[in-house]
Amino acid sequence: MTPALAVHDLRLLIGGAAVVDGVGFAVAPGEVMALVGESGCGKSLTAHAIMRLLPDAVRQDRGYVALDGDNLSVLSERQMRLVRGRRMSMIFQEPQAALDPLSTVGAQVAEGTGSPLRQARAAVLAMLDEVGIADPARRIDQYPFELSGGMCQRVMIASALIARPAVLIADEPTTALDVTIQAQILDLLRRLAIERGTAIVLITHDMGVVADIADRVAVMYAGRIAETGDTAAIFARPRHPYTALLLAALPRRTDVPRSRLAVIEGRVPAPSEFPTGCRFAGRCPLADARCRAETPLLREVARGHLSACWHAEAVR
Amino acid sequence: MRPRVSFGIRVIVLLIVLFAAAALLAPWISPHDPLRQSLLLRLKPPGSATASAGLFPLGTDDLGRDLLSRILYGARASFIVAILSVSVSLVVGTLLGLAAGWFRGWTATLIMRFVDAMLSVPAILLAVLTVAVIGPSFVTLVLVLGLTRWPRYTRVAYAATLQVAGLPFIAAAEMAGADSARILLRHILPNIAGPLLVVATSEFGLMILFEAGLSFLGLGIQPPAPSWGSIMSAGRQYVERAWWLTVFPGLGLFTLVVCVNVMGDWLRDRLDPRSAGR
Amino acid sequence: LSAHHAAAQPKTELTVDLAADAATLDPQLQWDTDSYSIYRNMFDNLLTRDVAGKIVPQVATAWHYTNDTTLVFDLRTDIKFHDGTKLTPEDVAFSVKRIVDPAFKSPQLSQFDQIAGAEVTGPAQVTLRTKSPYPALLAQLVKLSIVPKAYVEKLGDVRFNQEPMGSGPYKLRAWQRGVQVTLDAMPDYWRGKPPFASVVFRAVPDGPTRIADLRAGRADLIRGLSPDDAEALKSERQVRVLSVPTERVAYMFVNALAGPTADVRVRRAIAMAVDRESLITALQQGFAKPVNEVLTPANFGYDADVKPWPFDPVQARALIKAAGAEGAKISFLTSPVYDRRLNEAIQQMLADVGLQVEIQMMDQPTYLRRRQGTPVEAGALSQGRWSCACQDADGVIFPLFRSGSIWSKYSNPAFDTEVDAARATLDEAVRKTHYRRALDILREDVPGVGLFQDVAIYGAKPQLKWTPTANEAFFVMDMAWQP
Amino acid sequence: MSGAPALRVTDLAVHYPARNGPPVRAVDGISFALEAHETLGLVGESGCGKSTVARAIVGLQTVTHGSVMVDGTEIVGAGRAALRAARAGMQMVFQDPVTSLNPRMTVGAAVGEPLLVRGLARGAALRERVALLLTECGLRPEDAARYPHQFSGGQRQRIVIARALALRPALLVCDEPVSALDVSVRAQILNLLVDLQRAHGMACLFVSHDLAVVRHVCDRVAVMYLGHLAELAPRDALFSAPRHPYTRALLAAVPEPDPVAQRAKPRVPLVGEIPSPARMPSGCRFHTRCPMAQPVCRETEPAWREVGASMVACHFPNE
Amino acid sequence: MRRYIARRLLQAAIATFLVITIVFFVMRLSGDPTLLLVPEGATAEQIAALRHALGFDRPLAVQYLGYLGDLAHFDLGQSLVQRAPVWLIVASRLPYTMALAAGALVFALVTGIPAGIAMAVWRGGVTERLLSALVLAGQSLPTFWSGILFILLFGVSLHWLPTSGADGPASLVMPSVVLGALAMATFARMTRISVLEELGRDYVTAARARGLSMGAAVVRHVLRNAAIPVVTVVALEVGNLLAGAVIVETVFAWPGIGQLAMQSIFARDFLVVQAIVLFVSMVYIALNLATDLAYSAIDPRIRGMA
């Protein structure tokens, strides 16, 4: 079966530094894949590269994206416009910022259909209803500031879904929200995947969210994929020291209050000072000379579980 | 990462330095005395030379004075007028804007209504009246220009202060126990410098033009001292016969305005924390 | 294309570019050059001047003094105002009384305040009485326009100013304030049919723009060319330059009461330092005539025999040194009204003999206030262009130099005696001798330096035939169009 | 130190005036006390008024009515000078480490500012104190010369904490000190806070909406909903036996970073939207979303009462 | 809302009062028009008599109260120089001033704003360089020079447009362009900055992610968001265009308020100057209010608050 979305060997440069380097993954229809990693590791840039909406400062010099087997890099900008919003769409990190504050909710959702709100009104109403907005007939003519954050996020989702795309990229869709609303939105995404078979790339750094809805996880560190595998497998047994440390850093219900949380020593190197070899080597308890010299490639360490670590087997 | 200084900016800086140097060094590099008239050598075109008086690289004006020397000396006057009047209005306007934005309430009402009042008096009226009341001089000119322009800075500073005053680091400074003066000068001022700088740089060119306008009305720099404005306004009568009288100072003015504006935009970008690292 | 048509047909409308719009069209309120140029075409005056500058009859046909203070005018009876009513002696008497009535607040009052009364003394006769013998009376009356009594009384002063009516060759069609005044000809005007069916006076403040108007055919006649412009336009075939020496004298005021110039040696040095010859040839391009005193040949009392100080910088420098004024800072008051180049040229000339002249430019009201203020305020020097519009020495050297006059920063009882005496008699020969003596005193004391007789320069289409006059009157009646 | 609580908030209300329409009742009559050495967590959904409470306590917020006593000083209505004096004993850590540091001031200047403006240290002594503070908060003394943008988010939060600690306050108010940070950095900061509190023994009000974090650092927890306190309980009581239905919903909605446990959890998501604080529902504020609301909840506001170890505002507390 | 407007109007009235008071006293301090009115040979007594007749020898406070009294009866008085009702003099200039300001504004808007947008969208390209050179030229050429160049080129050499005056739309073209050039530069720069700011926002990317082209995203979303700062400078400039056009009016012989103001100042025609100041400050107040209303028309978030 062709994956709904496949990213091959993506490399993104800012100035001379490769902020995203060799990222590749595939998502099947109906699958939720989580892309996690510390802030600034290149998650959002990857998402933008998939949509071909990179900021001016960023240049893609390698790799391509395939949508249902079609290579997107050969499309013209005009053709690409027909892909965006129709076959593949994106939910942005901050809903309030990603909605035009001066344009009504309905008008923005309607943009996804390509026809003006007057014609698409019924579809928009149905969509708003579907994402769980109460009283859509009233909300449709309101402005984003008249809606709560959670509602804005759902409007974002509605505008991304109205054309029923096969692939949805959700960039931290719940970071700005409180837990009760977050739960509602995760539910909605889950339903989408199950009921419509939408392939979802969910970008987050909240391991709780990952645990909740992701089928698979790709962990990024400093622009590279460190590890990917089934959610359960990764939580049960991470095969990359970064993943392991990340999980250990979470306060858990079972912890003794005020016990020391595990921390990852050091800081993420800036893109301009990425080391050769493994980019995590400077902070890794397992690092040795080889790690500092040779870049570890992703390799299968268990069935469907890949890790880019020379010491994958030693990770506990 | 150190911000890279582009080639364009280097050229601009070089040009500004050249202008400033020309203005500063006018007494040494001018081929002639800018005030020395020779009624027999009126309106000579660029490149004219006589055995007795020597070469006039950019020609002579309507009293037979060397245009190049006058432009060099004029750069001095125009520069100083622009710098001083921008400084006066920048300082006055910014302080008032800061105060209005920080203290709000009646202070702001008072200041901002005063700004409105000032803005609704035609600048030319203030200029003429000031000259009439305190008499014409260089200081008057700077005062006039400064006093008519400060409301612009106040508006900008006010809006920016309102914005910055709401940021947590201001509250943090209050928590630290800083008094209003410290907060205004150490915390708010550096953070509103960007927009003020943009205004100031575009005002810089405008001030030279404004002085020129006052010269046109006969109220600019006192003759016979040259300024670009007075050279041009005297030369406009000869636009066709002696094009050099307006074209050369005009070119200088244009180049300078371009340089200052580009500099201003560049500085603003540098001061912007979002773009500082890039 | 339009020029072609215009050449084929007779010219019906004359367009004139003035520097400003009329301030008022009530002839008894304002007499600034631009207002005057316009309203003089709408009104008849009691007297006028011919091209040579001689006072000749207009509404009056003849006049005679019955004694030193009483003057009788015989009037025409065939003049009609624009509304068809006749111009009567009552109108003349009314016009005189109106302008001298303090309640009317005419700024021109000072020119007529010697008049004690005006009575109708016959069906075509008016008698004027003056407070004392007043030799300049006729010259002043040249400026008196006759307004219709009944009409003025009906409309009131304010409305009359907006809808003025006179008996002149043209009547007001429209006054677009700040833009232009349009006049229509009165075909049955008593002096004959006016040359153009209508005249438009436009307000164009900027000199280069007026020239552009003339060259582009937007104006037929423009006023106020500078000598440089005139020189440049001489070569153009589409344009003709007209010029006439005026009664206006360009002079330099020298403060005899304060500052370094209180020393007569310094004042004489200044007179010798100014190279009037090259001012006239190089700066004025010859559009000026040398004068020997602060007076022009157009003025009664001018004497060509007065010897001006020669241009002699060496002697000037020596005098300044002798006076201990070398390097002294002296101020030169001026306003945008005066020619900047002249100021700067003089400044240079004085610098050459060791005086440091500081030009102080201010707006006209401030300039006047200081110039007329105390001797200390008045500055050491200033440029002036004086015209009394009366073509008489009494209107020039009396206000300028008679002690006690606001302009005068000079005091010499001998001079005062002469000008007072010249004022007290009507005998022209006696007056002339008094003025000659006064001028000799001025030459020695140098409270002012006559620079040149100003020339009024006009630009016109070549078809316009017109001889401008010394008093800068602007009579369309005297113009003609020859395609 | 006296036996009086370090902080006592009584019937505090903050209403933001609206140009038209009713005022926004951001905080609407809440009371609690905080003992010395104690850490109190303040949780609740976004916009329920947590930050407003925090700002009111340190005197950065005009208060509609009520009282805030810090170490025996009334903060509400205090003049400039009194506030300045009181602030020597209390400090605040702001939510966003990016905006709470002046981008144009070196870190050393920022951290040293409280000492400098209060005349406690200057010159070399000041530099020494700053270096000490930085070290204490896990930074290097050399960092004093650098600017905030040269630091990572976690480091910046440390700088903010160092600045707050400069005066050794008896009361520290932390407004969401970790919610802008990512997981690994968050752990560093939480460790730091726990260490510092141990070392200095200050009272701490810890505002957050992350229950896992609150559980980790707090002794007692207050739950806010729409400007009101819903529940106030010792940590263990709250987490093991939540009394208020809103507390229960919150706890249930926190995703566990453990796929097995998380997916096994029963899903009872709250329905409905949070009402606007400008148009409060009548009766119990939570009744519009409460799964167990009764008619009485719509009409009568529940009293603030003790149930077991907890205080709770609900007609039907889970006992 | 009504209370807000009432408060604004009250404050504006105070500002206006302040302005006319300042202008009244400063103008009186700078001398009176008597000296300008009298013929050159007038004596001190004659001048004093006229000054008395005109009432300038009264104490300043008396003159001021008299002026306020007249104002209270909506009487602007009579011009000393023109001896005509002030309202008539000022009103006769208004149509011209409005026409020129409108012309200049239209020119500045239709050139400056698209130029600003283009400069922002094609940032860093040749288009931006060319446009910014043009914009800077607009900002650095003195109008008294560009004005005469225009007249010589389009009026005298090409005969396309009338060289001066104020009849018909054709004569409005050159003054509008010359006067509008400066405002054009301001608008272009402001538009550029605020469009640039908006282009960096997420909602633009989000709109493009929904399949909108860059152009459509700019037109449908960016422009409105970038409008507020632009509207602010437009309002500021309108004030300038109304009363600050002295030089352009002089060069093109355009009978606007600016020229009148200048002439009246130079002639110390107090009442006319004061009426003009009054007019300008009213326009300014109206503009301020209009701007605020425009803000709320543009931005629904402001609607509730304004």
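Read from first to last, the chains carry the letters A, B, C, D and E; within each, the first residue is number 1.
The rule is simple: a contact is a pair of C-beta atoms (placed from the backbone, for glycine too) under 8 Å apart; a residue touches a chain by one contact, two chains touch by 3 or more.
Here the structure is a predicted model, which is why all the values come from computation and not from measurement.
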item: Shortest contact path, subunit C to subunit E, counted in steps; value: 1
item: Chain whose Cα centroid lies at the greatest distance from that of subunit A; value: C
item: Subunit A and subunit C: spacing of chain centres that average the CA atoms, whole Å; value: 89
item: For subunit A paired with subunit B, centre-to-centre distance based on mean C-alpha positions, whole Å; value: 51
item: Residues of subunit B whose C-beta touches two or more other chains; value: 128, 132, 217, 236, 239-240
item: For subunit A, residues that touch 2 or more chains besides their own; value: none
item: Interface hub residues of subunit C, defined as touching at least two other chains; value: 208, 363, 365-366
item: For the subunit E and subunit B complex, residues of the former touching the latter; value: 11-12, 14-16, 18-19, 22-23, 26-27, 29-31, 133, 136-137, 139-145, 148-149, 152, 186, 189, 193, 236, 239, 243-244, 246-247, 258, 261-262, 265-266, 273, 276-277, 280-281, 283-285, 288
item: Residue ranges of subunit B in contact with subunit C within the complex; value: 35-37, 39-40, 42, 62-63, 128, 131-132, 135-136, 217-219, 222-224, 234, 236-241
item: Of subunit C, residues touching subunit B in the complex; value: 207-208, 226, 228-229, 232, 278-279, 282-283, 335-336, 340-341, 343-345, 347-348, 358-363, 365-366
item: Of all residues in subunit D, those that touch subunit B in their complex; value: 55, 58, 60, 84, 87-88, 91-92, 94-96, 99-105, 113-114, 117-118, 149, 160, 163-164, 166
item: Residues of subunit D touching subunit A in the complex; value: 45-47, 152-155, 181-188, 190-191, 194, 209, 211-213, 215-218, 235, 239, 249-250, 252-263, 267, 269-270, 272-274
